[in-house]
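In what comes next, subunit A is part of two complexes: it sits with subunit B in the first one and with subunit C in the second one.
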Partner chain A sequence: MSYRVGEPVTIADRAHRGHHRTPAYLKGKPGRVERVHAAFRNPETRAYGDDGLPRMPLYLVSFARSDLWPGARASGDHRVYVDVFEHWLEEGK
Partner chain B sequence: MSEHAHDHDHAPITDAQGPAAARRARALEQLLVEKGVLRAEEIRAGIDWLVSRTPADGARLVARAWVDPEFKQRLLADARSAALELGLDPGPSPVVVALENTEAVHHMVVCTLCSCYPRALLGPPPAWYKSLPYRSRAVSDPRGVLAEFGLEIHDDVQLRVFDSTADIRYLVIPRRPPGTDELSEEQLAALVTRDSMIGVAQPAAPALA
Partner chain C sequence: MERGVHDRGGLPTEERIDRREHALEDWEVLTDALAGALARRGLVNVDELRRGIESIPPVEYERASYYERWLLSIESILSEKGVLAAGELDRRAAG
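Then we have the complex of A and B:
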């Protein structure tokens, strides 16, 4: 599975015991692929002394404020851009 | 974030980074040395490298980008290579990405998970960057946070908040201040503050001639 720039994705809504780099506020949220960075060692295994291989593709994904914080009182609009590893991405709608 | 402006460093006010965390860090350091993973000299050299870094290196990149459009394109395409081109140390991160602020788009950088920061080019991050209030509010109410820094972003300017969670480090190229056409690259670099490269401030205004 790999994703292209502009493609809609959804961040997997799953719990993960231990170190991972997918912030909780993104889980289950829809986003859009902005960049395909490269593949990097997996921090989820590297954090525990493993070599982190195989490398996992890393994507820059953007999110609308209204999707992340529906109903929240914030001044003005914005988008949030976050680097997310491929195994946290699912096909979006 | 407390009520006053953060143009200065001070000890974190609310974070639990006090003596317990320091003791844990020392215990880890001792263990790593005892187990032969690291030598004490290597730890010292790493700390020396870290505290020797300053925002002056990032400022040189920005000033060169302001005066040299072709360099700016190279910086936007690959900030690591652009830093090496100026003889700067881009640090251990495999990818450094420069984000250009324009009339239409403003970028700011946060690390909600910890304190990821382009340390090689900006030096150690300020205490507020590591504070829980900044880390949580930068992604939920960035315009409110920027207003507390004294920076008003017009509603018609797109605001993009970059949450650096992984291997990539982000550096903002702020807009060149008006009235700086006559300044040299070195004088321009002096206007490029640390906070403007995090995206929470504009560069300093030029001194009146």
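Then we have the complex of A and C:
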């Protein structure tokens, strides 16, 4: 596992036409690793008849609401928690 | 950033979210059971099911209900794998 709990990360800002579990609203956004779940079969290949191996590490990553939707009308800030596969993570600052 | 029709998290809307519970129709319960049975037989896994849903043309996607999307996906994945022949479901439904 390449990332540790508490580490800052950035979600890769890349287009991917096929099935993937990284929602558009996270791409390019800074977050923080909250938990290392385990490694799971890769849905991006498993969605096309492949066995999804090798298993890819999955992380719970948190994001500040103000980073995701800076213009939103909301009182105060809160964090949004999303499971993200390792190959969508980049080192944060 | 290009996003699929399903990938709508965070898009702005003024509409209120309908949080009411609603009873499922029999065909919806059966559709759920069908997807479970196909997964246990190794014919359609959950990622394929989702890929099939995400591949529904946008206009049809918006018109379809939740389990209608499941049915459309199941039909297209089974057709793709040759489990269903082209037009087989329509012929059977026509009796």
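Structural remarks
Here is the rule we go by: the second predicted complex is superposed on the first by the 90 of 93 C-alpha atoms of A that agree within 3 Å, B and C clash if a C-alpha of one lies under 4 Å from a C-alpha of the other, contacts with A are read in each partner's own complex, and residues count from 1 in each chain.
Operating definition for what follows: contacts are C-beta pairs under 8 Å (C-beta built on N, C-alpha and C of every residue); 3 or more make two chains touch, one makes a residue touch a chain.
Since this is a predicted model, take the numbers as computed values, not measurements.
Superposition note: with subunit A as the common reference, subunit B and subunit C are in steric clash.
Contacts of A:18 after superposition on the shared chain: subunit C is touched, whereas subunit B is not. Contacts of A:69 after superposition: both subunit B and subunit C are touched. Of the two partner chains, subunit B is the only one that A:40 touches; subunit C does not reach it.
More subunit A residues lie in contact with B than with the other chain of the pair subunit B and subunit C. In the superposition on chain A, contact of A:52 is made with subunit C only, not with subunit B. Residue contacts after overlaying the shared chain place A:8 against neither subunit B nor subunit C.
Here subunit B runs into subunit C after the superposition, and of 9-17, 117-125 or 189-197 the stretch doing so is 9-17. Comparing the two complexes, residues 23, 25, 43, 68-69 of subunit A contact subunit B in one case and subunit C in the other.
Against subunit B, the residues of subunit A that register as touching in their complex are 21-23, 25, 37-38, 40, 43, 58, 60, 62, 68-69, 72, 74-85. Within the complex formed with subunit A, the residues of subunit B that make contact are 94-95, 112-113, 139-144, 147, 153, 155, 158-168.
On the side of subunit C, the complex with subunit A involves touching residues 1-3, 7, 9-10, 45, 47-48, 50-51, 54, 81. The touching residues of subunit A, counted against subunit C in their complex, run 13, 15, 17-19, 23-25, 27, 43, 46-49, 52, 68-69.
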